[in-house]
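Scrolling down, you'll hit the structures one after another.
The following pair of complexes shares a single chain, subunit A, combined with subunit B in the former and subunit C in the latter.
Let's look at the complex of A and B:
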């Protein structure tokens, strides 16, 4: 098998949490509020529910093929030719999405902290980290991620605790004044973020206990949902829906308000610091999926040599995909959800599952592996 | 293509053979002497020994006759300085020359009988072996054993009467404790083994001997508890030691390079210690200790990053205020030692808004007139400090103090007055130095010292983002590093919540009921449960129920 390491259920869960949460916590509060206004928190809940439905779907598919990744079993299900096309599609999806994430990352750092530094510096540095991580395998990434998750989540909670006195519940009123529709609309983009759980299909064969796959996906979505809810509630209750939808990164704006005894002030740069760690995990997981899918698509015996060339490719792609920040945000909030949800995140897995059921491919029950 | 493959195969085979050879604890590669013609004639044999040893001045050959009437010629051969004169005189020469008179009485002289009799009832030394081939003769001779050769017999007697000048057992200077045993290892293997054995009075404590180094033939002892240590780990240690095929292993420091997973890592994957109590505690956690001859430093494998932050003192002091606070302080110290100069550079260069206003004003005031950017200033001061430290280390201690005076007065005070560096920078460097001194593991402190410099560059070029980048590179490396199969960052990554209590604090002894999980020991339970002391009343009530 290509990958030698194994990761535990907890490691996989936390890996998926940071993969989704790292960018979601910065971008989604604003994007959801644009559509849903003060009901953005309902959007977050709906998106979490959607995410759980998606994870039920994709994990059911994965559990039928516990030894294979989506690249491999799409060939089993659809036959060699169509399967390769689907595999190629997933390879492109991982590569493209990774380029988008890296661009988000670079744009955020340039816009918020270092306006004079060229984009390529940040983009290439985060990819260098991802390449380093991937070359040492999945296992170290899983281990490191546990640590980064603790750092990431505890700092987010720390910020929230120190902002409690700024929050005003009145900002949520009136509830559901315009009906449920705006909240549903606001949930679309977050759902596409939750749909990134499809990445689990690339690490599913390397779980120590694949029979507990549902736990990984649903657990990850519940944790992400909780943090997203906190993020939305924090920003909307402090600034009100109008301001939040105008901000690009509302969480950063809220952190600016923290002031502890006139000593700990203006600490929003700390958000950047932990965010770098979070995005590192996200980019690494996506890059791992890209490299792994390429290796499996072409039946290679090792995926590591691909890490650097594909890394260079993704950096170039990340710079030339978009003209500027406006272009990026437009793509993220309008095009990406429809594109990702209809095809790679839900559409194709659903199709594969139906065909697998009809053609009777795959195992019905996951064999219990010995835990060791 | 094929010849190359065959060659590789052959070398592999050769290595495998060598491995099995050295695993039989004992002789290694002295077989060249086996080609010497075997002879039972005493004078020829002595001539042989003399020619092989090449008139070395420390070779002593004492020829004599066993008893007065038997006329059995014999010789005692040893290397001067490696034997105990008292043992050789009292337990070998005296019995053979005077008390062996009775051998003649009632028995016809024949060399084998003399031989048997001598071994059975005459030689009163403790450890005696009868050997035959020449290679063993030289191995034992250079190892410090005394050899008795009897005319007319191929076999010879080896008497272990080793004794040489050793340093007295003293407190290890690098690992001193406030409360706890004060003895440390010395350069003699047997003394060191006795110190470990005294602390672990169980037959489960196993000492396996290896002779490593084709020329030095240094003895190393692999110590482990066979009812606790994971057999796979012990086997791995054996294999790695057996693989070594080199000229010389002078100290355990040489050995580390051969057995570590990643020699290029700045982090040491073995733990070196001079303290027998640390070795005992580590053996009880299921680790393997490699104790070498001629060095007081014993190495313990596997080790983790956090174990290098634990001092022996932690377990001898009171748990809460003695150890927990100290451990938390050390965690702060490693962060300071690694990051403080680079964070200072990053903040003063890029993120001034992070500082409270009044502090910002005083720092920028002190930096006024300093001609260098913060990073150059930091590099100058840090390298000066490292220079001072090296200089102080090499010089004898009376001059060493002079160096520190020069450092403090000239470089600290005068540089600030001359306006070359800012006082704030001096403070930062001083705190960093103190923090790096407070880390118990010397090799861990060394790793942090090395990594401080690249981090300063990153902080100067990309601010906090650069530092985070550098930290992540270090963390990726640490997360993928293993020491004999144990993840280096265990129990933090992979997360093992049960073992964390011994890292962020030091629970009372009764609360540490299990050995660390990452060691995968055979017997994970250390002690009975419910050992928490209770006042007599509540204890009775519970018993009555």
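Let's look at the complex of A and C:
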């Protein structure tokens, strides 16, 4: 085994929650309202439902191979050659998606808070942190994340509590003005974020109780869905759908309105706190998956030596993949959903599951491991 | 193997330490000595030269510092009222750098004054500036300078406060007990500008002149009859799309505020036949719109519920008599109704849906709304409006009867 540590069900759930939520909370209100208008909250619900369907699919696959990661069992299912190709594909998917996330991270900080600081500073900082985190293994990351989750969620709840009096329900009316289609369209991009649950396949063998895998994926999606719903309701009810879709980062504009007796105000810097903390977890999990998949692809005995070189690679990619923020948003909202959902998030896992069923590979029931 | 690892680890640690040492502090450092806080901005458009002028109140550090010992440096006010011009708003704001020794910091702007010409011609540019700029906050107050420029407003003299911007903010707060003007934040302005079936409205600032009475103090040696410019917040500017359509008078403004349910403390005076008056303080107001699509007809029922207290009275009738109170209530209701109808008439005249009736129709039935929304502003004139007002006088102050009774 490459990884000696084990993480509990709760740690895995929270790890998945922050992995999905960290970026979604910032972008979802705006991306969903562009398509769905005042029905963006329905989009959030639909996306959550889609996410649960995806997690049923991928966890069913994972449960057949509780001791292996997707890199390893794709070889079992498809044979050595095709399996390696799929593995290489996943390696690329993790690396590429991670580069996109790092770019989003840096772009947000430059655009919203520090316009004069070069992008590469933020990008390399977050990767250095991620490299340090994963070199100490999955277990410390899981434990650290429990604290980060408390920080993250309490700040979000704090925002909502102080914004309740600004919300106006009439901004949600009329419901389903143009039918259900806009709401469905608005759900496509968020669904691809929920599809990031495929990362669970890289840490699934290291769960203490793999038989409770469904709980991890579905629990994570429900928590993420709840926070996203609150986020959408908050921004749309305060600003109205037209204005929210004009914003790049609606959460900043909403938090700027918080004013408690002209005393507690201008607290939008807290957004930077949740953004840096959340993206740190997200990038760490993605980098862990990248490094782990590379190590397993080449049958290495340790994944740690790969952390730094791949970290450098991902920073370079994050800088050079996109020209500017227009490219990035275009890719994220148009290309990425189709690309990710059709292949690595749903397409390939579904294919693997079907072939595994036909060829009778993997265990039907997860054995109860007692002494691990 | 182990040794190599150790060496790598040491090198990495060393590299990080060096890296951190070289990056002490923050790239986007803005020392407070190098910035100047902007507390109010005025935007003007000069159509002849096609120029935007950008007037701002910048806090003058010296002006504030010595306040306790009697007003800082002599002859220097607490703010510098600076003006710069440019081909567009952003350029105008940048051009100030040629005169300002400090970097402009816009995040403390509380007041945004829009000159009349800009409100007529360049609102789209203003909205873009306010939303795109990182430092601009959407909860600052927006106002229109009527028949004048924003620069004139910001250069007016103050009465109680140190700066005009503080004074405007105070007046915005204080006039709510009069309800002579609405209070509009930038975000409300922009969102009603872009929502279907809504038009924006903004409070109006006017600069007035008054002849200063000659000073008693001979030492002051002030020339007799010097004029003093001061600001008044009164009325509403309404937009049709992104263009200023016209102005509402005070009664029309009150009508608008009734429909918005925002009348805090309007003072209404129902006149009695014998010339007596009763003043009512409104303590609560609520409104609801009930649109109806009849075949070929659009009908809307505006329902307003208010509660009020009697603030003053010089009628000789007995206020403790429920019948008198009832009569007063119906007078008050009629009064409110008239104001709402006045506002609605202006809405049709200016083709500006500042009462947000279209949005109510849209909420009621989006399919039927889709048929009328094309020329909604023209269709406004075909809307039939019915106003129902329910008033309740709850309290009569600390006395009930007229103190001086009829003989």
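To be clear about the criterion, the second predicted complex is superposed on the first by the 370 of 372 C-alpha atoms of A that agree within 3 Å, B and C clash if a C-alpha of one lies under 4 Å from a C-alpha of the other, contacts with A are read in each partner's own complex, and residues count from 1 in each chain.
One rule holds in what follows: a contact is a pair of C-beta atoms (placed from the backbone, for glycine too) under 8 Å apart; a residue touches a chain by one contact, two chains touch by 3 or more.
Keep in mind that this is a model prediction, so the values were computed, not measured.
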- [ ] Determine, under the contact definition given at the top, whether A:141 touches first (subunit B), second (subunit C), both, or neither.
- [x] first
Open item on the list: Applying the document's definition of touch, where does A:47 land relative to subunit B and subunit C: first, second, both, or neither?
Closed with: neither
Open item on the list: For A:114 in the superposed arrangement: first (subunit B), second (subunit C), both or neither?
Closed with: both
Open item on the list: According to the stated criteria, A:262 is in contact with first (subunit B), second (subunit C), both, or neither; which is it?
Closed with: first
Open item on the list: According to the stated criteria, A:86 is in contact with first (subunit B), second (subunit C), both, or neither; which is it?
Closed with: neither
Task: Partner chain in contact with A:170 - subunit B first, subunit C second, else both or neither - done: second
TODO: For A:10, decide between first (touching subunit B), second (touching subunit C), both and neither.
DONE: first
TODO: Tell me which partner A:127 touches in the superposition: subunit B (first), subunit C (second), both or neither.
DONE: neither
TODO: Could you figure out whether subunit B or subunit C reaches more residues of subunit A?
DONE: B
- [ ] Using the touch definition from the top, say if A:272 reaches subunit B (first), subunit C (second), both or neither.
- [x] first
Open item on the list: Per the definitions at the top, what is the overlap between the subunit A residues touching subunit B and those touching subunit C?
Closed with: 113-114, 117, 121, 266
Task: Residue ranges of subunit A in contact with subunit C within the complex - done: 111-118, 121, 128, 170, 173-174, 177-178, 239-240, 242-243, 246-247, 253, 256-257, 259, 266, 308
- [ ] Could you please specify the touching residues of subunit A with respect to subunit B in the complex?
- [x] 8, 10-11, 109, 113-114, 117, 121-122, 125, 129, 132-133, 136-137, 139-144, 146-147, 262-263, 265-267, 269, 272-273, 276-277, 280
TODO: Spell out the part of subunit B that touches subunit A in their complex, as residue ranges.
DONE: 350-351, 353-354, 356, 462-465, 467-469, 472-473, 475-477, 479-480, 487, 489, 492-495
Task: Of subunit C, residues touching subunit A in the complex - done: 12, 16, 23, 26-28, 107, 131, 134, 137-139, 187, 190-191, 194-195, 362-366
